[in-house]
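Which chain is which? They are A, B and C, in the order written, and residues in each are numbered from 1.
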Amino acid sequence: MQYATNVRIIRVMCGGRVDLEMIFSAFLNGADGVFIGTCLKGECHYTSGNLQAEARIIFAKHILKYTGLTEKRVKLSMMSSAESGKFVSSVSDFIETIIAEGKLPDDANTQRKLHAAYRAVMGEKIRWLAGKKTEFETDGNLYGEKFTPHEINRLFREVAQDEVLTQEIILLLENSPLTIKELAEITNIPPRRAVRQIANMLRLGIVRQDGSKDNAPAFTAGNNKRLIEVIR
Amino acid sequence: MLDVGRHPMIDILAYSELESVEGESSSFKATIRKKSRYVNASICNACGDCVAKCPVKVKNEFDMNFGVRKAIYQYFPQGIPSIMTIDGTKCLKITQNKCGICSKACVKGAIDYEMKDETVEIEVASIIIATGFDMLPVSHLTQYGYGKIKNVITGLEYERLINATGPTEGHLYRPSDKKLAHKVAYLQCIGSRDQNNCAYCSSVCCMYSIKDAMLAKEHDSEAEGYIFHTDFRNVGKWFQNYEKKGKNDYDIKYIRGRAAEITEDADNNPIVFYEDTKTQEIRQLTVDLVVLATATIPSKGFQELARKLRIETGKDGFVQTNSRLPVSTSRKGIFACGFCIAPADIPESVAQGAAAAGLAAQIALSRAG
Amino acid sequence: MEETRIGVFVCKCGTNIAGFLDVSDIAEYSSTLPDVVFTKVNLFTCSEAGISEIKNAIVQHNLNRVVVSACTPRTHEPTFRAACQEAGLNPFLFEFVNIREHVSWVHKNDREKGTKKARDLIRMGVARAALLEPKEFIEVPVLNEAIIIGGGVAGLSSAVSLAKRGFKVHLVERSNKLGGRLLDLNIIQPEMTSAKGIIEDILHEAENLPLINIYKGYKPVDLKGCIGAYKMIVENSKKETKEIDSGVIILASGTRMLDPSPYYGYNGRNIITQYELEKLLSNEDLEINNNVVMIQCVGSRNSENVFCGKICCMEAIKNSILLKERDDRIDVYIIYRDIQALGHENERLLRKAKNLGVRFIHYSAEKPPEVTKDAVKIYSDILNREFNIPYSLAVLATPQIPHSDAQELSRILKVPTDENNFFLEAHMKLRPIDFATDGIFICGSARWPCTVNEAIYQAEACAARASIPLGNGKVKVEPINSLLDEDICRGCGLCVSLCPYKAIELVNTDKGKKAKIIIAACKGCGVCGSTCYRHAITMSHYKDEQLLAQIEACFKE
């Protein structure tokens, strides 16, 4: 039983211990991919930790996709502790995928997006929703509405995009004031989406107008104490 | 096994046999013969340097004789206690006073060719029997060709082949030509449910055959499994789901019918002749490999052990128990669990083990006060 | 603050590691890592020589962290922790790096890259070790009393066994009489003993043991606490409640019979269930003047109940033998799919039935029998012909199924059930009578349909397992558990709802609602910590900073 030497294993008590922070910290530190091995569904040593890991991985995948990296860079594989063969084939497949994708780009753009992603997963919204997934599916939300996997996926995608974009804009505006046009260009989103995002952020008070450039209003980061507070 | 190995209250007497038991419940005196390993257990740390140097190759019983081991060996790599043993019937030094290489290879000086069997006497409050099972030898059932047709093997032999740490590293290389076997027939009730051999049902074969066929498919996407069964006995927890999974997800063919005979063609491919009970026709199926689910029987030497312990055995040679006292034997203070009572699967054996331990401990504790 | 002084021990494991990796290079590299003050290569770190080298180095070099890079923690972590402890170092200041299973054994053909991987793993281990904190095993007292839910043969057997060992037992039975299923049964195969005899024996024993408290007509409605200190509320039909304290719980709540009315025109008169036949057979003047036709797998092994009823085949065979022995003129037919006569006694009974003239007719699930007013129509696929069998009694083998409130009980005890609503043990093979939650055990048919024999040994097994904490009077818990920063917690309750072990509760404090960790119940899985959006929870021994340090070190060559 042999496999390639590319992986470095970190032991945790349960897949449910793997925090989104750890996944994105790994990417920020230079990992090209993150693999999480958990127990099989219904056979979790800790009853249900694997389901929590699964919920978080949905977010991680959407975030990676949004940051322009492929979602393939994170993989969750379920196996029993007796299935060493499955571990080897699963890890080997993953290594092949990552080699095909190549090294993680280290240009400023990717790094900024990853940084934004890191901040986003440290924030309240993504963590809260990931934790609520199983409840939404079985008992429904506050209004008793149950979510299908499709609906969960759509909700998580929208929230992931919104949260990472918000953090990316804040990161940019922490450096210098920018106009909507400039923001749209740097973050590579349609100007209309940038307008909507800034409007929302203005409403929440996390950005504020700060002078103007070429007759267009420029913005800077507002008082984000509460948002930043939770980010170590 | 590891938990047992390192538990401070468990003293393991492996490679040992019970000679006699005297006394009664709460004060038995057991005489046990510790067979000589020719290796000092307190020095050996199973580094394996001796094994690498030993020139004698012997068939490996643990690998169902598929692979080879040395005359100095560890029964299997994760064995407890983790020490080497010299096979006194094969070692050149012991049989012919030649060689002695292992003694030189051992930097710790653990080898002792002069070591003798040792007899120990221990006092115990209670005794638990958990001697397990053996497989019925089936070469006398000539219709199946076991022993003559190379590519007919038993379920236990198959276990070693399909095991990743086994002699073929988990590849199903068949015995005749070491080619990968794709098409495999699994035959149930070989000697079981058979008036002339074992009248009873061995209970575990239907399920392990499904597992075997699934494993083959996981190793090799081209694998085809055919299970020939009479009554298909999958009654335990989730077993019906497992049976369905085998059929639906692994494409295993379940064929109701007892195989009548096995022959082989010029390429050593076994041919299974069977009656299709749906059409009452005799059909034949040529496969790469046949796996026989042979009957399970009380382990070798068990009848002698039962005599030494003075406990009753039933018609089929298993320990006699009854519904009211399922793990108690006919003799007070002696309990039994697992296959020695009757064919049982893992969870049944584990639960019986706990039950026997509880009852045995009760006697020991009340004696201690 | 005390200076961090790490000792790294690199094991050769004979040739298991040294044969595939450059161990001296690894050791040399390890000595250059931050805070590492001592490095040593051992032939076998786990040998007595290796252990004493660790102990000596801790003393001589004043080590306050030990890293062993060798094999899997599953084998020797306790050995090395003990070594540290014996040398006066807290055992949780030890870190295990696996360079055998994770490196040398799986990269046998690439010495260079394997060696590099081992260096990386040790660097990560050293980074984590530097941040480890001393911990003590947690001891929780255990009240030496048990609650048993269910007064059938399983529950009663457990109760008797525990009471005989001197433990107080609280037996909770929802109905108004003890005895359960066996009260309705007739004869138990294979010994053909009287069911009533068996249960009366056990009941007699139970009633004569003053340590057994019986709560008839009560069922659990609430449970708080964890192993050692459970507090259960039970309630009767008048809504009167009682509170029971216990150290452990044994669940033996049994099953009910599937409602037969949708099947084969069941009418309770001449189309009845096997279970009802039991009662008829215990009746001396039962008169049957024509054929008896028994149909197996009624409402089981179908899409709705995938499982096999397990005991119905033997029940049918037993009853067919009793009928034939009572009156040889009665013709008995058993219409079956697979006869489940496992084990070494049952096959003999099957043969006896055949010798007595019981006819067995196989059918396939695709062509089930039809029961009309006068006859059972059945196509035998083995004989390829149809039978039309007149009957005076048609007997349906319906399975036992979980109680309708199994889900409710599962929620109260916080133990899982499977897709059929049978209770789900901790491990299907190796821990069949434990729940994943410490201190709760399962036996009898609530786990899966079983015979009387199985119910009794499972009950004995539960009693044995329960006796361990009850007898010790305490349990030792590994100090790997959640740590809460109460100032950050907002009391949202997300962790409470996610905790698989009911180990977190919401309490009112001066600062408002806050989560509270019940250390004895916490297993340290970390779900709460990795979900908390306030970052108010971390896990001891697997702290965020410890794991993040490992991640960071991975890429800092």
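Here, contacts are C-beta pairs under 8 Å (C-beta built on N, C-alpha and C of every residue); 3 or more make two chains touch, one makes a residue touch a chain.
Since the model is a prediction, treat every value here as computed from it, not as a measurement.
Trainee: Is the number of contacting C-beta pairs greater for A-C or for B-C?
Mentor: B-C
Trainee: So which chain is farthest from subunit B, going by the mean of the CA atoms in each chain?
Mentor: Of all chains, A has its centre farthest from that of subunit B.
Trainee: Quick one: report the Å distance separating subunit A from subunit B, using the average Cα coordinate of each chain.
Mentor: Subunit A and subunit B have C-alpha centres separated by 50 Å.
Trainee: State, to the nearest whole Å, the distance from the C-alpha centre of subunit A to the C-alpha centre of subunit C.
Mentor: Using C-alpha averages as centres, the distance is 36 Å.
Trainee: Report the inter-chain centroid distance for subunit B and subunit C in whole angstrom, where each centroid is the mean of the CA atoms.
Mentor: Averaging C-alpha atoms per chain gives centres 26 Å apart.
Trainee: Which subunit A residues reach two or more other chains?
Mentor: Residue numbers touching two or more other chains: 1.
Trainee: Mind pulling the subunit C residues that touch 2 or more other chains?
Mentor: In subunit C, the residues touching two or more other chains are 418, 428.
Trainee: Subunit B touches which residues of subunit A in the complex?
Mentor: Within the complex, subunit A contacts subunit B at residues 1, 84-85.
Trainee: Of all residues in subunit B, which touch subunit A in the complex?
Mentor: Result: residues 164, 169-170, 218-219 of subunit B touch subunit A.
Trainee: Within the complex, which stretch of subunit B touches subunit C?
Mentor: 2, 6, 45-49, 52, 193, 199-201, 203, 231-241, 244, 277-280, 314-316, 318, 322-327, 342-343, 346-348, 350-355, 357-359, 361-362, 365
Trainee: Which subunit C residues qualify as touching subunit A in the complex?
Mentor: Residues of subunit C touching subunit A: 73, 98, 102-103, 105-110, 113-114, 116-117, 120-121, 124, 416, 418, 424, 428, 436, 480, 494, 497-498, 500-501, 523-527, 529-535, 539, 542, 544, 547-548, 550-552, 554-555.
Trainee: Which residues, counting only subunit C, touch subunit B once they are in their complex?
Mentor: It is residues 14-16, 43-44, 46-47, 74-75, 78-79, 161, 164-165, 188, 191, 193, 198, 201, 301, 306-308, 310, 338-348, 351, 381-382, 384, 418, 422, 425, 428-433, 447-448, 451-454, 456-465, 467, 471 of subunit C that touch subunit B.
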